[in-house]
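Following are the structures in question.
In the two assemblies presented below, chain A is common to both, partnered first by chain B and then by chain C.
The block that comes next holds the complex of A and B.
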């Protein structure tokens, strides 16, 4: 059953790999415009209250400063950014930048200095002085969160009997917390805004959706969609932080309006903590019970997630408990906790990663209570249909994934008793955990054009935040058209190109890839028709164009999900296996070995798929061992808003990671059989580490991250 | 950042002239100073680049091993004399920062680096070290990384260096030049405790510069170890670190040296523990006792209480490595 592990040498290299490693790839901040000015934001130094006075005289008089915008003099945004809150709410909605004198969180933008150079804008920003009317703030989640905290009216979910776990012979109830994690992509969020006419705008912007950003900007500034051009050629990581238009983007557009020049705004690293969302602090409680032979009786999963005082952000930490195991009784409760902080947002494997930490830790705890192997416990409760809604799965081979991962990590070496193994003075532990995430398919349009020289150009508005979208698209087209991948060019990152959804929810290959498949199918058929007699399976495209005296042949094809996408429950699955070493005296954790298996349908691009899983696993290791945005609650202000103090894994923390794939096509989701893998690569990694740490030490850490101080 | 003047004098005399005024700052690698200037924490009027001075040599001298102030951390960590005579120093250097930073950072600059206390770096927060009289933000705040030894009500910051911990253990001396000539002070007396004046990190006076350090010859090379406990395996400051050096002869510890990082405003020598170990056998029991002795004056704050447990564990562990028990 164990399949060969793909290495980094397997599969086609990234189509944009050379451009990326040689610096030829241009990111949004690099599209310098003639006569461009530079903007720097000034954030509030209090957490709640109002601006009493704001002195911009010195800043305005500083060398090179062109304008200082505040709520007092800024042009108003006619439509502001439309709200995307999931439920009716009494809250004011997304932050309206330079709108009034209210301060809603520490770092709330109160001014923006625009100058002829970046350095002069920065210096000008240091000269803006504000006084405040301070109000008492609250940024700290209460120590004892109990059910009922929060403002969001998320409905409780029950399948079977409420809280049935309490009736089980073997049961446990535990609380799990996870701090706010900040996306912190390497590329800082950046925008260059240029007004071409008073009604026409072009932006080069870090975004996961050129057209979603276009639509939101058009609504906010009351422009026609076709008069807003959004370019996002390359994105240096985003992880969800660029799924919406944020205040800094609106501010740059306002700045360009005021100074009548193109304006560039690049957030600083500290700005990244308060400007573009984060994975919210979440408190969870799991009650879980089973029969003495390990059959689940019930799961109750409660969660309270942090949001801002002015905007609700809800995600799916409880989803994992609704769907991962065949429990006859499931209860979930989810509430939001409003604090004086900036609004959180989706971060890779959004709520499910948070939820999996709680559920998969609890499953591990239950396995010890039952004296049962954690894999056996999972297999005993293997869901063959979706426990949430009873639907059949479009495809599920998680059982194969368990077996593949177990073989690869050497699960047979795991000691059933914690703290029973050591090597060279380090405690040894093995842990595993799984994850799931909905597999989606959205509508997408592709333009495919075969030219007389035999090269194929494919166009889509889609952004690529790093997974290798272009590479996957080229491979799909090459396969369908029967031509060499080197002859295919994929153009993207431009809102004027054919419609594509945002790059989020692990759905790009499913949506845009299917559209490429469909467009190439139609294009090939056109050639076959030109050949007459049904054509052949290998048309000579150059010859056909020449014979028909055509310079090129193109199609514009829309590709959409069908009834199967409603009929079946569609999920991607993953399992992570980890071997850790823990130093008994100092509490240092070393990840010794990792094996990840993804069951996400057909693998389109082996090389980038492997990278995707490795990257997700590393993100999960960060979540498990080190990531934590820390606020000094007296001030409501971050105290680790830089890369020295906000820890993400470095090379020395990461061993060889074996990424494996079940690689069986999903027959129903789309014509290419591929499901998403970005989220599941991370979901389940943190509990796998936590479970391994428990196996090594006998210490169960239920509040992430697992830093050395928690293990001594 | 504020506008400043930049000069690169060709001689030591010219440097001493240029730094006579308090608004001038020496720059070498700039790995810390440039950050501080960007953040507005330090805003010198004049940067005096000393990279033209001949201070980048490593050589043996009657006093032991001489290391010039401009020797790069990366070069020093790989130097054969260092690896041979003082491997502890190499270990400490390699535990510090990242390869990129070590390629820029100098010995003198490493000694002069400022604390990484978050309150020192954020100009909107109180900090007696940055702005005397504003209070200590860390005292009642997020003080997980902070001192357990030698702090004062004014400041609980720690010195961030690894290299300095090893140099303190090895009994190095610092050569300082001023207008009145050169002076030599023990490395352990270079940095100071915060007391009433946390704005002063060390005893270098205005107008003085570091020329280099000398490490006396010793018998520690075979039995020394630097153990740094941190939140990730590279590019992270120490939760606690320990430099342990033993002069082991005939199964007896003739002399022991112990210094800690991440626990005080200066590299913290553990004199009591050293004294205890002298003349004893290198056993786990003795190492544990020494570790407990070292903790007598320790005091923790809200978030760093774990150091009271982690510090002695790390001392004992470092000693076990140095003594060949681990």
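The block that comes next holds the complex of A and C.
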């Protein structure tokens, strides 16, 4: 219980840190090519209808403009970007750029100007004029949202009796909403597309999966996979926004085809709101009931998530209620609501972050109704096996996490009565909430090569959006090989390197890290065989290579999950504790103290793991207090599509954050014992803040974000 | 100058169309035609007239970037940020919003922190620019770079150059006297990965170390 709290200086620093602090790290837009041209997109100014006329004459004649692409003159993409929808649907699927004159949302790309400089492309784009045949649009979720929502969102789920919560002596039913949140990584999505020959393409592209992007581009342009090279050495954050190929990427590739020069396309910040997905607006209703001593009788969790008119995007907000607590009766229903908007996508803690806001708010409400401590209520309903499928957990130490977090935040100072504590004229409140997310392991291949000078090179196609993949991989290899981390180089972010999954779903260390572990195991054994006599545990690699006249020794190892990954329920767990101060007159919320505990198996890289949890908590603070993509529904257009108006946390909003780990290896998920932590770092943070705000003020805000106007 | 009549293109349209650029194109081409008719008329049809006009539209820009004098010819509308990234290949300075809202493009102009996306290149004529690439002394990192490394003041690294340039200025300005003050004066630099507490720790360490920054 009394583990020291990790500090920002603990652990090995990032292997790519020096490149990042010196400006040497190069992101996708930073590989300028000889004779490169620049592209700027023009978006529609209406929300639904068709383009009637499009005048590109002035733009085409503008200085330096090389081409103006529209649906009228653009080469057609021979194939299609495959849909990410989880089920076939009657909708047309991912947007086909410059395909026809239909307008599906405000900002729909209608033209692209390619010029010899960025400034000239931007000016040219301002000269493109379109007229439209407008149709009535709908971007606003209806008041009575369950009416008329019929689109697929997954099968209704029942465990035990349907809606059993209604029979409980203590019960409540409440609705919760959160608005569309936009990933807004600091790096603008960018691509440089270069046709090496008419059927060979190289791109430098912001992507969370170099090979997934390669495959999708190859499909769309009917190219051989091996003729598409995707480079993504450094990715300036993504949080889910770079998990698929978007229309702007296709547009840049088309542009390069037309002007026969490499083309760079960097989205603008406003473009980021309509071009690369977002966490969808979601309405939720929780019915929850318990016995008078706090044993859950039933949970019913309904959700309706926003999607686009042309593509179904579904996620799992209701999964939280299937799995977080040992309720004998669980009912879930999930539907999609189609609006005239761009398609949403996965955003950090996809589904579960949304679901946890509703369920963990409702659990908090229930604790007050029961006059029970929120932690006691959770422990009373602690799930020892997976309530969804009855499987045993591969590992679960959430109870320890509760205790660690409570001790760190000073939970004993929490007043059971809301609005009962103040400090220097500010109301004081404490809140907590938990999170869970599936722990996965995918197939990955690693090439590991020991050279004569004793340096080890490890290769994987994986890309890194910031968590510190390279650092974790080097630490795994150093540990396995028994050599200094400084002698190990991890090469990545290149689709031609050995197979790796996308960096998503908190699964990179589990998949690629296991492959590094397995490859190093095999490589070390090879050295031991060369030594003979069973070798030693600490082979002298340089000497063995020299003795055997070998310039190097390498292995290519494929690493895959085993039967245990099916046998057990595998989850990562987290709990967030928050102390807030709320100004009674202005409704300003200050985050005063945060303690987060992650139960995500063994911690591979202490420094970067801590940063990841801190960062997730800050993302959750944004979700709780400020983030909201606002559309003016009269026009269907975002009105806050920039960093001045779409607020994300800044330094002044954030106190020191205590991030802690249970740090017990999971014995079954993979050979390294590590589960994912990216999603659970955020999941549960928003309800923890909301619960703390209630404790401080007695006001329950069920519609995020918790802005001051909702508290006064 | 008053005795010189403006050259009106033969069709009389060039200037009335309102673009200074068409005027330049036509006048320069006309002048050239007088000297070497055949080749230049052909050049105009190959859009070389555009290239000639582009030269006249540019302005000279002399600035010292990371200790090196740069003699450039830039369009007046080019921002310092785009000049650094696209013309000088100094891509350490980042574009995060292009509207002065995120701080990723922070550089030092004569020692002061400035959003290079809100600064036209021509505004820094004769000034000294320091970008993230110019902060270290050869292989020896600046103390702030060392502190960011040690305290993991970043994840993806994209806002990092701007954060570091701001952090150095924050200390120089005398705005790093407490955790609260640092947070306030570092709030123009957004970090979406959420490295703020680590950034504050890094700045405090450098401040406490008392090194000259």
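Keep in mind that, in the parts below, the second predicted complex is superposed on the first by the 707 of 712 C-alpha atoms of A that agree within 3 Å, B and C clash if a C-alpha of one lies under 4 Å from a C-alpha of the other, contacts with A are read in each partner's own complex, and residues count from 1 in each chain.
One rule holds in what follows: contacts are C-beta pairs under 8 Å (C-beta built on N, C-alpha and C of every residue); 3 or more make two chains touch, one makes a residue touch a chain.
This structure is a prediction, so every number in the text was calculated from the model and none was measured.
For chain A, the partner touching the most residues, choosing from chain B and chain C, is C.
Once the two complexes are laid over each other on the shared chain, residue contacts for A:649 go to chain B and to chain C alike. When the two structures are aligned on the shared chain, A:465 is found in touch with chain C, with no touch to chain B. When the two complexes are overlaid on their common chain A, residue A:419 makes contact with neither chain B nor chain C. Within the superposed three-chain model, A:295 lies out of touch with both chain B and chain C [touch as defined at top]. Once the two complexes are laid over each other on the shared chain, residue contacts for A:119 go to chain B and to chain C alike. After overlaying the two complexes on the shared chain, residue contacts for A:590 are found with chain B alone; chain C is out of touch. Look at A:187: by the touch rule set out above, it reaches chain C but stays clear of chain B.
In the superposition on chain A, A:657 makes contact with chain C only, not with chain B. In the superposition on chain A, contact is made by A:14 with chain C only, not with chain B. Shared contact residues on chain A (touching chain B in one structure, chain C in the other): 119, 644, 649-652. Those residues of chain A lying in contact with chain C across their complex are 7-9, 13-14, 16-27, 29-30, 32, 63-64, 117-119, 184-188, 234-237, 239, 266, 268-269, 465-468, 607-608, 610-612, 614-619, 642-644, 648-652, 654-657.
Against chain A, the residues of chain B that register as touching in their complex are 1-3, 40, 98, 116, 118-119, 122, 124-125, 137, 140-142, 144, 227, 229-237, 239, 306, 309-310, 313-314, 316-317, 326.
If you check the complex, the residues on chain A that touch chain B are 45, 119, 122-123, 126, 425, 583, 585-588, 590, 625-626, 630, 632, 634-635, 637, 639-640, 644-645, 647, 649-653, 707-709, 712. Considering their complex, residues 21, 50, 53-54, 57, 75, 77-78, 82, 85-86, 89-99, 101-102, 104, 131-133, 135-136, 141, 145, 148-161, 164, 179, 182-184, 186-202 of chain C touch chain A.
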